[in-house]
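Got some structures for you, see below.
The two complexes that follow have chain A in common; it is paired with chain B in the first and with chain C in the second.
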Partner chain A sequence: MEEYDYSDITPLPIQTDVQDELCRIMYTEEYKQLMGLTRALISMNELSPRALQLTSQVIHVAPAFYTIWNYRFNIVRHMMAESDDTTSYLNKELDWLDEVTLNNPKNYQIWSYRQSLLKLHPSPTLKRELPVLKLMIDDDSKNYHVWSYRKWCCLFFNDFQHELAYTTDLIQSDIYNNSAWTHRMFYWVNAKDVASEVELADEFQFIMDKIQLVPQNISSWTYLRGFQEFTHDTIQQDEKVVQFATSFTADVLSLPIGSPQDLPGIESSYALEFLANHWSADPASRDSAVKAYNLLAIKYDPIRKNLWQHKINILS
Partner chain B sequence: MCQVATDMKKVLARKHEKFFERHLQLLPSSHQGHDVNRMAIVFYSMVGLSILDVDVPAKYNYHLDWIRKHYIKKTLDDKNSTVISGFVGSLVMDIPHATTVNIANTLFALLSLIMLKDYEYFESILDRESLSRFVSRCQLPTRGSFVSCLDYNTNSASPVDSDDLRFCYIAVAILYICGCRSTEEFDRYIDTRKLIEYIMAQRCCGGAFGAHNEPHAGYTSCALSTLALLSSLAELSDKFREDTITWLLHRQVSCHGCMQLEDDSNTTYDQSDDGGFQGRENKYADTCYAFWCLNSLQLLTKDWKLLCQTERTKNYLLDRTQNTLTGGFSKNDEDDADLYHSCLGNAALALIEGKFNGELCIPQETFDDFCKTCHC
Partner chain C sequence: MSEPLTLLKDKHIRYIESLDTKKHNFEYWLTEHLRLNGMYWGLTALCVLDSPETFAKDDVIAFVLSCWDDRYGAFAPFPRHDAHLLTTLSAVQILATYDALNVLEEERKAQLVAFIRGNQLEDGSFQGDRFGEVDTRFVYTALSALSILGELTPEVVDPAVKFVLRCYNFDGGFGLCPSAESHAAQAFTCLGALAIANKLDALSHDQLEEIGWWLCERQLPEGGLNGRPSKLPDVCYSWWVLSSLAIIDRLDWINYEKLTEFILKCQDEKKGGISDRPENEVDVFHTVFGVAGLSLMGYGNLVSIDPIYCMPSSITAKFKKYPYK
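Up next is the complex of A and B:
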């Protein structure tokens, strides 16, 4: 790391020993010095290499310091304009940001800062973003900020070519990964104007295979419902899907509702809920819907018994 | 309640109180990273203490001046000499020639001053007009959403900050505290229509709100609270409301029925979370989501307590995430108690008891008293 001279700067020291202060923090000497200098440089709006260096130090200590990201961005914009090669200057900044990102998985300022850099970049690429995205998702496969950023990238670059295979891999390693499932839906909604019937039928098969593997999984059932709605005008799978869902309910719907202990175990409450919801739509099958909700209430998902009763009330 | 249980409850309440008080006193240097948002620490602690019926105005009156010092008013160098104002989260952020006020810290400070009953401040010191103007500048004209701060140099919306439902909520809550109620009043400062369009674009297809169709209980609470403060919940269709209620009730984790089937294979399922709420599908329950989910539910239906099992939520919070040794609540049963989860754990319990204003996240009585005195 390059050593810069700041000795000509008169620091703006932070106040300590304020009598009526709340939440007084026992500052370290380093922090006091760093902040004294930073406040002075921001106040003068000095846009220089040494100021850039200082922002790295502050971001290391206090990534939540929102003004420092703003200040850094202004420095970068200024120095980029003065450099001979804007692209490599911004790539260097992205390299630096990669390191910071890996050390601060929960900080959200990083991602909007990244977006601002890419918007500034003369030739940004998705390829450049994929490795850090992968590392971050490997580290925390449901990190909301990282997934939001990934989606932003897909839309920004209008590039969805990696997404389907990527979510397949993630669902393969954790079938309960709701972020991966919702990202898959995001793919279908945004990737192309029209998907072929073959593609859609393949996707139905994919979902059913995954549900077959783990029937009690809310993510895959929610996805199935979403996908059905999404494809409604192109491909009709209702009958097939109803049969499929029924296969996880141990014929419980054909049995009389007795006491809960006499009812058999079933493989999935979500299958039963799916059926109840499906039957609710048609007055001819409402009795079946009511029965399914009743079964959920007394045996298969009793914590939500008041919800199921509420659904029954809506039907009658 | 038997005597032993009542005594135990008192002992625990005292421990929670001490937990919050400690955060208002001296903090170790490991808190330096939170220095710039110190007002958040003040707010979370005071909410906790207010819920526990501590006389916050009497106890912290001495510190009023210190909080007031965080209010910064600035005349801009433009042709109208526009005045804007807001709060910084820490005096460290009070930097000459730089605009560093922030809407999150502004809301935290305003609510803290309300809890301190510093009504004189609202009546004669706070300049609502310039404060609302600052909020106005945080709105992104094309998207309708809000960022949390301005460019320190140009005073237009920050070019590097994120915009999301949290900041939309915060912006609207500030204007509400400043007295805005009708759409016309909000429209004086912000493009309400555009904001509502942004919020509606964050709806997810199976109910609830989130970025790019991944529903999230925290964002859902922000979206619904914002619509409630704008008196615009009617924008939501009956179907979407019903889907959202269903989605929210599904966030209550259960160890009964088919849910037990997940025990072996789902790494983010824990039977002992029974009664608690998760923020998204297939995640562990977490103290704070009891608040975000219940607040969302109460905004959608007055029957919310009939729909979900709040007794179980109470048990989850009191028996599982409450730290009976140090006071406070933790995120789950593994971590140490922390301030954020302690505040929201207590808030969830107060909400269930009907004593809490969820849209503004302070005790109802506190807000009623403020409204009555300050005629807002």
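Up next is the complex of A and C:
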């Protein structure tokens, strides 16, 4: 790391003027020195290599201190304008940011900083972003900010070619990963204007295969319902899907509703809920819907019995 | 069998009180960038526990004012930090709770309103500061702060409402921006923003039913609530999910008994405070959202909290409701 001289700067004190004890904080000397120096440079709005170096140090100790990210961005924008090769200057900054990103998986600021850099970049590419995105998701497959950033990239570059295969892989390794399931829906909604009937039928098969593997999974059932709605005008799979859902309910709908302990266990309460919801749309099948909601309330999902009772009241 | 669980009110009051004395600072106040928010969480928890006087009002107000950032005309989390929407809301909430908004005087109030409005983007969303991080949290924050100040206008509200509605997802939840995964905290910020704008009727009956379903689906068999499907339960969602359900008038879709038990199990019986999950370390953030959730469920003699503003109902009753007559 390059050594810079800061001896001409008088660090600004970091204690407040307020004399009470309410918010005193114990700082280490090193932290005090670093922050004091930073505040001094910020107050002079110095946009220089040594100021940039200092922000790296501050981000290393206090990555959530958002003021420092603002300041760094101003420095980068200024120095980029003065550099001969904007692209390589910004690529260097992105390399630095990759490093920080990998060390701070929970940080928010990184992602909007990244977006700002890409918007500034004369020739940004999705290819450059994919490795760090992959590493971050490998590390925490439900990291909200990383997924949001991935979506932002798809839209920014208008490039969705990797998304379907990517979510297939992630669902393969964790079938409960709701982030991957919802990203898949994002793909269908945004990727292209029209998908072929074959593609859509394949997707139905994909979902049903996954549910077959793990029937009690809220994410795959919600996705199924969403996908059914999404494809409603293109492809009719209702009958097949209803038959499929029924296979997880151990025929409880044909049994008389007795006391809860006499009812058998079922593979999936979500299947029962899916059927109830499907049947409530058609007056001809309302009785079945009421029965399914009743079963949920008394036996298969009793914690939400008020919700199920509400559904029954609407139908009756 | 151990005794039935109860809320350890006095212990929680002592815990919050202990946070602003010398001995504790670093572990509690985390870092400066959350200081003013922390103050709001502590004060609100004390209000719900009917003990606001535990904090010295004058000291708190003096600290709030010391966080004023003259360059941007709004509040920073700590002196010499940059002003931000999140901390600006905390400051306004604290001052309103103390019925002390008048300490701002006309000039500062005008600057504050200009700061908030100035962070609105073309699509109706808000950035947290001029750096540009966009998030439905900031829409809520901006509308809530303007509402408390009685300064909402159609120019701000209408595009903001449009943006919030774009964050509604196929599964009945709301995301941090259009097409982002549904998250319980975002349900609160989106529904809260719509409620403040008096625009809940922009959601259809079917949508409200779906939203209610998605929210109560967050309750796990052990009673606690998670923020997204297949995640662990966490006490803070007792606030975000419950307040959201309260806003759309479907609070009873949650099983109170089981959730209450979960929250009470997260108390530290020795030093007070509430944690995210049983046996974890307590903090002020989970303490306020734990007691606020209990208040919404009508537990014990807790002071009533407003699900839209996360402030005592007796205070928010005095706010001018939009659209202004």
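Note that in this section the second predicted complex is superposed on the first by the 310 of 316 C-alpha atoms of A that agree within 3 Å, B and C clash if a C-alpha of one lies under 4 Å from a C-alpha of the other, contacts with A are read in each partner's own complex, and residues count from 1 in each chain.
In the analysis below, contacts are C-beta pairs under 8 Å (C-beta built on N, C-alpha and C of every residue); 3 or more make two chains touch, one makes a residue touch a chain.
These numbers were taken from a predicted model, which means no experiment stands behind them.
> Chain A superposed: clash or fit between chain B and chain C?
In the superposition, chain B runs into chain C.
> Just to be sure I read the superposition right, which of the two partners does A:69 touch: chain B = first, chain C = second, or both, or neither?
both
> Mind working out whether A:139 is in touch with chain B, chain C, both or neither, as first, second, both or neither?
neither
> Figure out whether A:214 sits in contact with chain B (first) or chain C (second), or with both, or with neither.
first
> For A:266, select first, second, both or neither according to whether it touches chain B, chain C, the two together, or no partner.
After superposing on A, A:266 lies in contact with chain B but is clear of chain C.
> Of the partners chain B and chain C, which touch A:108 in the superposed model: first, second, both, neither?
Both: A:108 reaches chain B and chain C.
> Once the shared chain is lined up, is A:182 touching chain B (first), chain C (second), both, or neither of them?
both
> Where does A:300 make contact in the superposed view: on chain B (first), on chain C (second), on both, or on neither?
Only chain B is touched by A:300; chain C is not.
> Given the superposition on chain A, which partner contacts more residues in chain A: chain B or chain C?
After superposing on chain A, more of chain A is contacted by B.
> Where on chain A do the contacts from chain B and from chain C line up?
On chain A, the overlap between the chain B and chain C contacts is residues 12, 14, 18, 20-26, 39, 62, 64-67, 69-70, 73, 108-109, 112, 116, 142, 144, 147-148, 151, 176-179, 182-183, 185-186, 189, 217-219, 222, 226, 229-230, 303-304, 306-307, 310.
> Residues of chain A touching chain C in their complex?
Spelled out, the residues of chain A in touch with chain C are 12, 14, 16-18, 20-26, 39, 62, 64-67, 69-70, 73, 108-109, 112, 115-116, 142, 144, 147-148, 151, 155, 176-179, 182-183, 185-186, 189-190, 217-219, 222, 226, 229-230, 303-307, 310.
> Along chain B, where are the residues that touch chain A in the complex?
Going by the criterion above, the answer is residues 23-29, 31-38, 41-42, 45, 60, 62-67, 91-93, 95-98, 100, 102, 148-149, 151-153, 158-163, 205-206, 211-216, 242, 245-246, 249-250, 252, 254, 256-259, 261-262, 265-269, 274-275, 280-283, 303, 306-309, 312.
> Going by the contact rule set out above, which residues of chain A touch chain B in the complex?
12, 14-15, 18, 20-28, 31, 35, 39, 42-45, 61-67, 69-71, 73-74, 108-109, 111-113, 116, 142, 144, 147-148, 151, 174, 176-179, 182-183, 185-186, 189, 214, 216-219, 222, 225-226, 229-230, 266-270, 296, 299-304, 306-307, 310, 314
> Quick check on the complex: what are the chain C residues that touch chain A?
For chain C paired with chain A, touching residues are 20-22, 25-26, 29, 31-33, 35, 56, 59-60, 62-63, 66, 78-82, 84, 128-134, 169-171, 175-177, 179-183, 212-213, 216-217, 219, 221, 223, 228-231, 250, 252-255, 258.
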